[in-house]
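A, B, C and D are the chain letters, set down in written order, and residue numbers restart from 1 in every chain.
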Amino acid sequence: MKIGFIGLGNMGAPMAHNLVKAGHALTAYDVSAEAMQTLAAAGAKTAPSPKAAAQDADFVITMLPAAAHVKAVLTGEEGIFAATAKKNVTIIDSSTIDPASVKAFAELANQNGNAFVDAPVSGGTGGAAAGTLTFMVGGSKEAYEHVKPVLSAMGKNIVHCGDTSTGQVAKICNNLVLGITMAGVSEAMALGEALGIDPAVLGGIINTSTGRCWSSDTYNPFPGVIEMAPSTRGYTGGFGTDLMLKDLGLATDAAKHARQPVYLGALAQQLYQTMSTKGAGRLDFSAVIKLYRKEGNT
Amino acid sequence: MKIGFIGLGNMGAPMAHNLVKAGHALTAYDVSAEAMQTLAAAGAKTAPSPKAAAQDADFVITMLPAAAHVKAVLTGEEGIFAATAKKNVTIIDSSTIDPASVKAFAELANQNGNAFVDAPVSGGTGGAAAGTLTFMVGGSKEAYEHVKPVLSAMGKNIVHCGDTSTGQVAKICNNLVLGITMAGVSEAMALGEALGIDPAVLGGIINTSTGRCWSSDTYNPFPGVIEMAPSTRGYTGGFGTDLMLKDLGLATDAAKHARQPVYLGALAQQLYQTMSTKGAGRLDFSAVIKLYRKEGNT
Amino acid sequence: MKIGFIGLGNMGAPMAHNLVKAGHALTAYDVSAEAMQTLAAAGAKTAPSPKAAAQDADFVITMLPAAAHVKAVLTGEEGIFAATAKKNVTIIDSSTIDPASVKAFAELANQNGNAFVDAPVSGGTGGAAAGTLTFMVGGSKEAYEHVKPVLSAMGKNIVHCGDTSTGQVAKICNNLVLGITMAGVSEAMALGEALGIDPAVLGGIINTSTGRCWSSDTYNPFPGVIEMAPSTRGYTGGFGTDLMLKDLGLATDAAKHARQPVYLGALAQQLYQTMSTKGAGRLDFSAVIKLYRKEGNT
Amino acid sequence: MKIGFIGLGNMGAPMAHNLVKAGHALTAYDVSAEAMQTLAAAGAKTAPSPKAAAQDADFVITMLPAAAHVKAVLTGEEGIFAATAKKNVTIIDSSTIDPASVKAFAELANQNGNAFVDAPVSGGTGGAAAGTLTFMVGGSKEAYEHVKPVLSAMGKNIVHCGDTSTGQVAKICNNLVLGITMAGVSEAMALGEALGIDPAVLGGIINTSTGRCWSSDTYNPFPGVIEMAPSTRGYTGGFGTDLMLKDLGLATDAAKHARQPVYLGALAQQLYQTMSTKGAGRLDFSAVIKLYRKEGNT
């Protein structure tokens, strides 16, 4: 397939790499010339603009920080739409953005004679490198079937979530639960410590009981409970506090527009926000436990 | 073994039953004569007071609603201590109460020449009937080994949590996480519904992703996502909202005394409290999702 | 003075009226022809577009629902900037919008050769009609002195808050406190009721003690405590729940961008959101007390 | 009048002093011999026990840290009841304790042939020394009239709140509002600072607008806004964080027993709790603003 790829950051670069390895004809664009050179060395073409990257493509994939970037890349003078008008190109946006923007972009794409699918990912930079990402796809059944072979070169699970924007909804709702459970496990572990139970014992009990959750059994915020978790290596690596903040911001924003209350999500957002305010935004989000522990200077 | 058993409620009755079935010589006391008769029919002796039930016992097990009841049953004129002085009896309290009271009771028991072990349970009335409860035991290693054979007649997992009161700490901290995750999953599922994703699809994604937790994959609060969950049968049966409130009350109280913040736990407590205020205290605690759904009249 | 006025809603219409009464030459625009006719009957000219209303004006005042409207009215093809280029017109925006948008609009205005001042108001529709509004003005000292005579025709207190956007900051921060205190007074009054104190007595004590606040002594949410408050007339009139939601949304959004935690503000937002979700968005915001009272069906 | 007085702490000592100055015959008891000597030097008698202090008294006043102390002083072997049986003595408890305990104590007093009135105070150590305290009195109209002359020697406002325990309800509900407004003003002031408005200007606007409250106009947490506030002298003096925590604990506990939600109160409690956990429990409670400010190391 001929694929245009816009956005070669921490996630986009390894994703593009895997597409090249799978034999697709890739033309890439990024604001960083260096990022483009690295990918060119792996066999991709590069382009001077999103428009140029999208020229002659069957699919265009965007992997960008926020909705504003996606909008600029789609509708700018040197943007994707300028190249794809009436060509029935399928645009796949793998950025994590708000569902309302997705709907607006999809409508613009349709007016331009293109298809638009939202396909945010989970799995982190590790999954992007290994090609084991999960893609949460929003679009018609046909659109899903159409993009599945392309996404399969970058991921292991390609899940159809429903119509346009439901891929983003799935991602946002999952990360809402994640942000809450991590803070919840943090306060329970810190409380247990203060009340005198061995954190490893407490972790073991929770993990085999009704408190069981990924934030406890795979990513426990208390140092030493789970050997492979960021908490055990000083909260480095992993999923940064500022990224969790971005996703909780998307969740509470979407809730605001849908007039839905999100009590715990809004409160969890403030906890991560406090971490960020005090300078810990780049630590793994499980460092939120520092707000609770006596020794946890933030 | 000769066992005294005080408290034949929804949990205590089937537990006592299983001890009788295992061949122990049981003498039981309860404020309800009817509860005693039912157990007598199964082969237990009954007694007119906690003191009488504890006479000649090697172990005394208490299963009561709150710390005040445990205190009365231990220290009252017709209480356990009146029968067990200097007899080296082991008292096992399986009630769910606050860790500070446990420490006080253990000290009183020691002064009376008895051992005291806290051993709260999880598994509900189903686990009590089936003899598959989990016991979380707080006490010395020796005390744990001593009570294990007795508890094994009533439960499948007998976990040593550490010194006196850590059994309660484990239970309280686990249920703190549980109360938070259930409310968190509720707000995510309700948000997803409002944003247009199929709840079954959203549940499936969360359950295979980082939001995975018991409150979602086993007990999902959205009707129809998990067939066996109370949400699918009108929030009947299961673990009542008022019971969750009791446990969150123990957690926030213990936190207050330990000077530990419990942000999400305190907020979750208010959500279940609202349910109770509005008359829904006897519904399963997963009914908290009604606070979030447009159609959820509480 | 020659004044263009854009936005003749519940607030804008009486404000424009007062400018006419004060003898200013007003040219008004609104999407509603009816609103323009009413004002024309009072002596104003009307215009077919913002551009036409701004033609030849010394000042242009905008009073609109949200930042998106202000942007459209400023930068649209038939917008204000199209008429005011290089004319050194002073644009006064009295809408309540986010500080970041204000800064962006001010920069655009400067590039267009105009001055831009943010001047949101407090005092409600009553104050707008009576000409007793408070204006919170953001801009240079000179800009403040320049707009003061114009604003004085519509308001009683014209407060200089500091540089561009600080008018909005003042309004947002004040309403953040307001949203929190109203919910706080609601939970205290409902708790007092449940604990058996006469609400009027409790109100009296709070109002002469350290809990004293506008939400209690002027606008108490418990019916009957303050005769003139909306609570005493079924929560009609006053400041709608959905308007409070808008302002708390601006506050939490601004906090998100400034990386500041707003714990109570975010939680209060969820409470008003719950009211709105359940269909009570048009009641006065003090109806939030219904979430707390046993009899308060929402 | 002959008055027994139990509890000569920071509040009790100056209160007892004022009773002596007013000409009452005072017999005092405290666990601290030093506190008794100081009072004796001012003209009071001292006693070796609460019982001895209550002997021959018309009124007995208690001013103690918590309900457990009041209970011990009333019902202990050397307690008040041992001296006052069937003597129609009026016991006035000015401690701040939970309403449920008050009701229990009042019933015990009645059974002992005594009257019992709850009369917690506001006004702090300054008001205690100056004799300008506010007393919130719970009891019958007759009981209120009976104690008023005695309380008038120590306070300026003697308010009848209703039946037994409503004095405590009034105090608890007022301080619930206080704890919430202080945290609310803190987050608004910190947000304003981060968004670039001069805190003194912001304080001035809030104090003349709908956000107006004691926590802002008299006790503003931002240093320098109110010259006489503890914030301006390093958060020393004033009302300690741990005391606010005690009162919020009483409020959330009373709410739990009454099955009333207290969303903002429970959250505010966690904020002050975080301050205490991190070692700031003895600072004035307005130091909670440090949780919000970038420079606020706690």
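Just so we're on the same page, a contact is a pair of C-beta atoms (placed from the backbone, for glycine too) under 8 Å apart; a residue touches a chain by one contact, two chains touch by 3 or more.
Remember, predicted model here, so these are calculated numbers, not experimental data.
Chemist: What is the touch distance from chain A to chain D, in steps?
Modeler: The least step count works out to 1.
Chemist: I want to confirm something about chain A and chain C. Since they are copies of the same sequence, is their interface symmetric in residue numbering (over half shared, so same) or not (under half, so different)?
Modeler: same
Chemist: For the chain pairs B-C and C-D, which is connected through the larger number of C-beta pairs in contact?
Modeler: C-D
Chemist: Averaging each chain's C-alpha atoms to get its centre, pick out the one most distant from chain A.
Modeler: D
Chemist: Round to the nearest whole Å and give the separation of the Cα centres of chain C and chain D.
Modeler: Distance between chain centres: 39 Å.
Chemist: Counting only Cα atoms for the centres, state how far chain A is from chain C in Å.
Modeler: Using C-alpha averages as centres, the distance is 37 Å.
Chemist: Would you kindly tell me how far, in whole Å, the mean C-alpha position of chain C lies from that of chain B?
Modeler: Spacing between the chain centres: roughly 51 Å.
Chemist: Spell out, as numbers or ranges, the residues of chain B touching 2 or more other chains.
Modeler: 255, 259-263, 267, 271, 274, 277, 291-292
Chemist: Write out the stretch or stretches of chain C touching chain D in their complex.
Modeler: 99, 122, 134, 136, 157, 159, 161-163, 165-166, 169-170, 172-178, 180-181, 183-185, 187-192, 194-198, 201-202, 204-206, 208-216, 219, 251, 254-255, 258-265, 267-268, 271, 291-292
Chemist: Which of the residues in chain D end up touching chain A in this complex?
Modeler: Per the touch definition, chain D meets chain A at residues 267, 274, 277-278, 291-292, 294.
Chemist: Contact residues on chain C for chain A in the complex?
Modeler: Chain C reaches chain A through residues 245, 249, 252-253, 255-256, 259-263, 266-267, 269-271, 273-274, 276-277, 281.
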